[in-house]
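Chain lettering (A, B and C) follows the sequence in which the chains are written, and residue indices restart at 1 in each chain.
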């Protein structure tokens, strides 16, 4: 039946029905779309198992790009920095290789000993399973491993990657960026926090006291190899500034006397362990 | 000392203050309704992050409008440029004082309330014209002229459709019209044609879709509001939504029983309880019609300007006159 | 507090430019730049070229008679379609003439393709008419296969036809939404996008991308269909007609909509042919020309379908034509799925092909019209000349023919009914 306004009424009826229909919005950060397996939209640089970028900096992509959208820099075989892009950016760009972040030079020596390091694989499996293998728990798993070994051994990372079926590159990237130690250190590590809060709260005075107590400079080890001193801004003490971290335990807020006391206790305990008496 | 006079003035001042304070939350609520309802019609969710279920989104919009930079075109006439939003907003606010919220809760219960209302509402046309002219922008000028033409032409069917109500109820005061409806039933059934004309004309009068050629994303950017930013634009924006509320309020007062409940037991209470009861029903009905207007906005495309004007003069005006004619004859014949 | 020493300050580049320009103009005897004006300073800045008109048409458009005014519907449009500038000469509200000014989205694709291998060209042409990217790739693929002298295997041709028809479905669906949006209806476009999202998810399952697919190769397509694609196709097919109906209910019978589109922008069949308008715009004016029937390519000669036309040639007819074509495309998709053979999906082609010197032409029916490619090869790895004929460009030329005499408010509606996409217009 056509009355004037019938078309409008039909449209309005449709919207009225849709008002009560289920909505099609996907709440993005909570519900992510299922990308198909052929999806070519990932913008990642991939790591190879040695922790280096698979990108060889051959500049082919930059040269062929029709809109010159790609810039990059890298090292050639002589160790010189080469770049395709603006000098003010690309000469200063540091190679974001994970080992370099750990303090190694840009082209790390492949220390065969590291590939043979052994790791308590069942324990790593247990740790991963204790968190249910959830990807969000990666950092917690790293912490557990670091607490046991003092650093994140490569074998352990591989095992975690296998066990959690997360791509090796992502595990390695998370470890490198997350402030975890990737190389073993001798003895105990005393890290004095260098973040803005601790600095304002008197961190430098702590550092001076500890340096005085141990007799070494930042970055060095004590003569008996028991304690390494370093500064870092990722102690993560939050409101308890100024803080220090010994191995994985964070102590704060401290004043120079207390810091001195803690470090000397730790040193004494390490000495007792070295001797064989119980700590 | 005439205490009654003093008390009356005091009451009036309090009422008008409350009304001015009421305009902004009303605008926020209506804007929020609009965002959510139009979204739901289009199978979306609408804002849902700010506040529980997105309730505070329009409040944040209000603060954002306050925080924006206030630009005035270089060669614009600064004083009239500033005056225009004020004029539009004041027209809306002044007309709110006669809206019958509840028995005993009308800010100013004039005996010529209806006439006052339509007279003051027409002042917003002046504001739009001033905005268009003072912007020093030919698109704003064209937009302002179009808007003025639209609003002026739709005032005539708007007021004529109300004359039928006046003739039937025999009074120009809102509260008495509602009292008449209490006795004789809602004017909706007495004046069906009048309701239709009034509804269409009121949508056109407040520049709502489908009649918002003036301001929406047409080819002339934003019509007379093009050069306005920040709180100046905020005033226009609020005035538009407040006008929607006002028009819906008047619609229900004149035709749908105002503060009366839809059932006769009781339709109206006495005293303070009566005021509360009336306010509840008034707001329910008003927001129902606001929701219908928002529904129309989400569904319909825009009517073209010349078709719009054609509709006012060639369709609505004759219909309104016919309605008046029939009403007058009926009153005389049936001695109503 | 820093102060600037006027003796040693660095000159402002804008001042330098202006001084330079003044000097050059004086040398050419042209007088000062007509930029600062008197009272009405803002009113001439429509961007009228500051030189004598170079063509007859330009002289015709930019000469103002009594009571006429030039208005710029500028490149920043609230109404979609991309960046386009329309210089409209109006007398009051009535349009006297329109001059589309194009080129705001020009990316030099034809020239870029001259430096790219034939395979790379197929990646460059996607973003031309970005809403129908598969058609953009299909035409060069046909032309290059003719140049190289190979044919794609039958399964590849069927897959090509399938994705091309899917592309047509969502492109026409979007046109419905754009048409309503340009008239102020806010919801039909969202319904169109619901449909488009499903189709585009489907196409991303088969090609890896959602919009600029890069799916066609010389000699076939890149990948075969997979389970994800087919399952999404099945789900979509089961409710696409309902979606379409939901959208249609909002628009087709709506009185406001019909009053704004019926009788507006009438393009007669003869006018359309003489302008070179093709595709749904032409068929809506009554001319039964469809490239799939007139110059069959791919596997269309094996599929059964009719050429639909409308008679009135106005905006409403163009709208109805596209709805009919959506239904026809769905019918075609059904047939394709039924008839798809097994087999390889790409012919054996070397990495860089060097066809013999020659010329080839490939034309496809894109949602906007006849989309064709003319390629000249000189025996090397790159095409010597790669020319694309885009239908939106031609459709825009119809605007100055049909708009004069109409109101300014109709411009957007009529333009939306031609469904131009600026990426194609400007290449």
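What we mean here is this: a contact is a pair of C-beta atoms (placed from the backbone, for glycine too) under 8 Å apart; a residue touches a chain by one contact, two chains touch by 3 or more.
Just so it is clear, the model here is predicted, and its values are computed rather than measured.
Shared contact partners of chain A and chain B comprise C. Of all chains, A has its CA centroid at the greatest distance from the CA centroid of chain B. Taking A-C and B-C together, the chain pair joined by more C-beta contacts is B-C.
In terms of their C-alpha centroids, the spacing between chain A and chain B amounts to 59 Å.
Taking each chain's centre as the mean of its C-alpha atoms, chain A lies 47 Å from chain C.
Mean C-alpha position of chain B lies 43 Å from that of chain C. In chain B, the residues that reach two or more other chains under the touch definition are 41-44, 298-300.
The residues of chain A that reach two or more other chains are 8, 11, 14-15, 18, 24, listed in rising order.
Multi-chain contact residues of chain C (touching two or more other chains): 187, 194, 250, 254, 256-257. Interface residues of chain B, counted against chain A in their complex, comprise 37, 40-45, 48, 295-296, 298-300.
Across the interface of their complex, chain B is touched by residues 8, 11-12, 14-16, 18-19, 21, 23-25, 27 of chain A. By the touch criterion stated above, chain A contacts chain C in their complex at residues 4-8, 10-11, 13-15, 18, 24, 33, 35-41, 64, 66.
Residues of chain C that touch chain A in their complex: 112, 116, 120, 124, 187, 194, 201, 204-210, 223, 226, 228, 246, 249-258. Considering their complex, residues 41-43, 69, 71, 73, 78-79, 93, 180, 183-187, 190-191, 194, 250, 254, 256-257, 259-260, 407-412 of chain C touch chain B.
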